[in-house]
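As written, the chains take the letters A, B, C and D, and residue 1 is the first residue of each chain.
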Amino acid sequence: MDLTWGDEEEAFRAEARRWLTANLAAWREECGGEPASGDTRHGFAQHLLWERRLFEGRWAAVSWPERYGGRDASLWQWLIFEEEYYRAGGPPRVTQNGIFLLAPTLFEFGTPAQQDHVLARMAAAEDLWCQGWSEPNAGSDLAGITSRATRVDGGWVIDGQKTWTTRGAFCTHLFGLFRSDPDAERHRGLTYLLVPLDTDGVTVRGFGRLDGDEGFAEVFFDSAFVADDAVPGGVVLGGVGEGWSVAMATTGSERGLTLRSPGRFLAAVDRLADLYRASGPDPLVRDRIVDCWMRAEAYELFTLQAVTELTGSRAAMGAESSINKIWWSELDVDIHHTALDLLGPAAEVEGPWAKGWQFSLSGPIYAGTNEIQRNIAAERLLGLPRR
Amino acid sequence: MDLTWGDEEEAFRAEARRWLTANLAAWREECGGEPASGDTRHGFAQHLLWERRLFEGRWAAVSWPERYGGRDASLWQWLIFEEEYYRAGGPPRVTQNGIFLLAPTLFEFGTPAQQDHVLARMAAAEDLWCQGWSEPNAGSDLAGITSRATRVDGGWVIDGQKTWTTRGAFCTHLFGLFRSDPDAERHRGLTYLLVPLDTDGVTVRGFGRLDGDEGFAEVFFDSAFVADDAVPGGVVLGGVGEGWSVAMATTGSERGLTLRSPGRFLAAVDRLADLYRASGPDPLVRDRIVDCWMRAEAYELFTLQAVTELTGSRAAMGAESSINKIWWSELDVDIHHTALDLLGPAAEVEGPWAKGWQFSLSGPIYAGTNEIQRNIAAERLLGLPRR
Amino acid sequence: MRFALTDEQLAFRDAVRDLLSKQCPPDVVRAAWGAPPGALQRGPWDALAEMGVLSAMSPEGSGGMGLDFCWMVAVLEETGRAALPHPVVETVAVLGPLRAPEGMTSAALGGTPAPCAFDADQLLVDHDRALRLYRREDVLLEELAAVDRARRLGVVKALNGDGEVVADDPAAIEAAFDRGALGTAAQLIGVGQAMLDLTVDYVKERRQFGVPVGSFQAVKHRLADAHKALAFARPAVLRAAWSVASSAPTTGRDVALAKAMASEAADHTGRACLQCHGAIGYTVEYDLHLFLKRAWALSRAWGDSRWHRRRVAAAIGI
Amino acid sequence: MRFALTDEQLAFRDAVRDLLSKQCPPDVVRAAWGAPPGALQRGPWDALAEMGVLSAMSPEGSGGMGLDFCWMVAVLEETGRAALPHPVVETVAVLGPLRAPEGMTSAALGGTPAPCAFDADQLLVDHDRALRLYRREDVLLEELAAVDRARRLGVVKALNGDGEVVADDPAAIEAAFDRGALGTAAQLIGVGQAMLDLTVDYVKERRQFGVPVGSFQAVKHRLADAHKALAFARPAVLRAAWSVASSAPTTGRDVALAKAMASEAADHTGRACLQCHGAIGYTVEYDLHLFLKRAWALSRAWGDSRWHRRRVAAAIGI
């Protein structure tokens, strides 16, 4: 056991810190002050400036190969970067669904041509990818997908509707699951497709999230023809009919969304402690902050343990990612709830904590509700019987 | 709305308080100090002295008719009596399963002969009744009962096993459900029987509860013949095959166990506040005590509201009794958990709070687990669909 | 001893519920989100005025009905259930018993923001050891961006003149505050109930994995707990109404308990309801958020749960 | 950076687990409930001694193995998993690094009761600004009735002589206390894991309503949460072991965090496990209560969660 960082990691940390400090300031200046939310049209454009800065500094996807704009960084370095990123006050990544959901799958299942084309443009924020999982009747029950992809000469014809597509109204491309075998049910007969949103017959309608931002979209497919070469290398990721296993293979992977970096919560708890110091003593709130601090710390330790295992023999977190997701999402809610209690009556006025509170409430819902995650944990980690 | 007590109630309260103060002291003197737990053989005998005192003072079952030893007291007076009982430090009632579980059913379904014979002797603690609901494979799923009652000339032959029978090793009689129609399943074909425990072929084995007391028993029936007149008026309560509806009819009734009197928790919270005052200030614990106090108070108010409705038009609490049971059982756990935290390291040493803590943990389990109660609340109060 | 509203009180409540179901459907609340300051629709307000609700607690001589809080507690719960954006607690319960309101009255006590600040005809302010009533035009307001935009908040920046003193006895000022807290507690019960009802309806219909999501035990238990929280907070609110109405010595304690429990019940209910809805609850196109944000606002207005718990602690001597 | 035990450390743990599964099944714990003071069975203890576990942390020169806490954390977790009644934390972790123990050593620091007080050969007591080691016969003890009778508690009433001073530097005394807290935290993880494993096995087998009770979502979610609590507390304990082993400046804070989280995880796990068992868990004939009562005792020994949370608060400057 050795919980110290090596010289290489410390140098990496120092470089990241210097770059982030300088560039965050420069970006804010470029925006003429605090940028708007990345989930508004105006703010999204501002955040693209930031994404391009990250790409130019080769910080957009540090763990990727250099040829796609990364640094071939280790998972340790990725954790360090994330820690520094949130400590410096870096904004939420508007490219994250591409980088954290699609890219791991591309690395595992994509053809070289797909990888070469998609990854570099994704890191550069030239192509902006949104996810197309959920449908009006397929939320928690993702296998209930009914949007169809029909094979035709030279491509696919897509019909149906996706929804809850985060930042869909601002993106250029969608990745998602479509039913390619109309006779197959549930997890079978699905295909993972890459779809340019400017395809004829695709209509995107943005709509408001709880926090008021236009962060969601519905995407309608009305006999939309997607040519095989609409994405160089092909629009099918993995095999036809293999969509479910392709999509699921990387949900628990090291780069998956569920391994949300601890740095984000450590930084949030630090801000909470600062708010407390400014608000005057209250032993009850103090205890809640200690609770949040301990949970953020435990999350970091759990992650360090997981990364140790990942860099050793084991390949992926597997079902442990389910308790991971419950942990950080509930922690995030409690951090913000505590902050609002500190603010008192001022909590009902818009501000960063009120915004963060509203966003935190999506955590127990998205990427598989915490109810589903608890089912997974009980069935796969403890071996309890399905019904 | 009028939240004041009338002269009659105040007089009743004063009489109860005087009697309780005098007689609790006299009983403790009679026992030569603090009596042992009523769930031990020795303590049970001591508590019978108390029960007989209660009967002589006509306090054993205040809401019953005078001819059975009661006072024809109103529900209001019953609440007042319970409040005074716990405020004065009265002990848990070792006769409670007869008085609160069997008696309401007898009042509703019993023949006059059954009522005349059983109730008076129950109030006098001459016959001591234990319940025979649960079986090794029928706990939460009470309808899974397999103990059989076979009709023969002049009576019933019983085979099978009951368990978790509170104080069964000390009682004289058992009431319970038995399968009288071997071809019927689940809720059908059950009969509610009254069984003297000295019947040949009945074996009672006491065993230890979590708190170490011999408070549970297993009751084995090995071709035990119960004559029709083993209980004057007959051993069948309600009709043959009607056991389920007979047993369930009064679970939510005003005299049912689920309307556990608020006085018990108000007194417990008062003792907790006293412990706090003696332990020195701690804002965190103080807040938890406020929480317990508010919940005990709300429980009293909820009960007053229910009794107002019961004494008006409505006949019974119905499914509201399920949230009632969750409320007081969780409150009881939290009251005791808070007390143990106040005691600190001393909490691991036996004492009234440690004992109470252990007992409180049975609350979310017995009389229908809180999981079952939440199902009932969701399905019957909110109309959510069964699976 | 009788702990229930009378048939007349229930009939009054039913009449208000009926009125609000017609006059204040969610679209009216949405309209309040978008209307510029001072341009709040007066439809439901005028209807309530016509029914006598707005002066119900004012002295009979002054044109009011002289009703006590037992009459109003269920009525105010209904205004919460409808997420009525107008300052009904401030007008009816805070000012009402002191003086018949002249039009829509908001309040900004203890320096907190005033709801519907720019829409109100009058503002009640505690200033210079008295409760003072100002005409809207005598108050300089600054707009605040509330999370619940239907709150239409303004903060008092300056006052013109001395206003009309409506209370200067500290006990009367405290009593007015308690009425605000209690009226808000009643509204919170209604907001919570509205969220629960909406969610119960939704989870009965919404199907996933081939069954209604309301058949899952996790959903059942969470909503059963929400129901429980509301069912036990409601009598606490009702008792505080009796305490206020009968000037019980425990009034402060009882109001504090009521507001603390109602705030917590609404908060817990809101979170349960959002979670049981899933993503659709997380959109502004669906109605849930109108109630959810109201619950957040009201649970902190007139003293949050922590503040009222401290009052309870002091009252019970720990 | 490498946050995992070495293969050698894991092998040591496995050897101890194997030993305890043979030497300390639940029957041995039950025997400790019934044995008179001073008559605790020494079987598992002697076997641990033979393996070198009891002097593992003692200096190599004095016959120990000189191992640091990273070696012991998983081993102590195993002693918790077996609900070993003997004072292994006191002997190995508290006294061990100061001086090789001579026989079974209990400890009574800060006036708290000593486990296995009458069974121990030596008692470590903090008295007159030093940690002092007394022979059993030089300590006057009074028996205490513990809820977990296998704790075999005694409270020190009087001491004969000055004992042997094993530490008088305040920092060394505090470090000894921290080792006791950390060793107990490790045991709590093991106790919690034992309860969870027992419960998972039970709910897979136990059928009600025609299905295993473990298929009900309420049971699944409660046990998933227990697993989560243990899974996140375990690395916190492991990190504190590293901090102790490497004399990190954050040691006090890290131990406090570990003990607070382990105490809470074991407490929550115990309640979940009892509830998921139902009535059978509420009997002394079934094994669960042996672990449950140990969890209650250990969660409060060496500082309860509230106390350690206050240490954390001070350490992080709030």
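Here is the rule we use: a contact is a pair of C-beta atoms (placed from the backbone, for glycine too) under 8 Å apart; a residue touches a chain by one contact, two chains touch by 3 or more.
None of these values were measured; they are calculated from a predicted model.
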| item | value |
| --- | --- |
| Pieces of the assembly without subunit B, by contact | one piece |
| For subunit A and subunit C, chains touching each | B, D |
| Between B-D and C-D, the pair with more C-beta contacts | B-D |
| Most distant chain from subunit C by Cα centroid | D |
| Whole-Å gap between the CA centroids of subunit C and subunit D | 52 |
| Between subunit B and subunit C, centroid-to-centroid distance (C-alpha), Å | 40 |
| Residue list for subunit B, restricted to those that touch at least two other chains | 284, 287, 371, 374, 387 |
| Multi-chain contact residues (two or more partners), subunit C | 216-219, 221 |
| Contact graph of the chains (line, ring, star, complete, other) | complete |
| Contact set on subunit D toward subunit C in their complex | 216-218, 221 |
| Residues of subunit A defined as touching subunit C within the complex | 134, 137-141, 144, 163-164, 207-210, 212, 216, 282, 284-285, 340-341, 344-345, 347-350, 354, 358, 361-362, 364-366, 369-371, 374 |
| Subunit C to subunit B touching residues, read off their complex | 1-6, 70, 196, 200, 203-204, 211-212, 214-215, 217, 219-221, 223-225, 227-228, 231-233, 235-236, 238-239, 241-242, 245-246, 257, 260-261, 309, 312-313, 316-318 |
| Residues on subunit B engaged by subunit C in the complex (per definition of touch) | 1-6, 9, 76, 273, 276-277, 286-287, 289-291, 293-295, 297-299, 301-302, 304-305, 307-309, 312, 320, 322-323, 326-327, 371, 374-375, 377-379, 381-387 |
| Residues on subunit B engaged by subunit A in the complex (per definition of touch) | 283-284, 287, 387 |
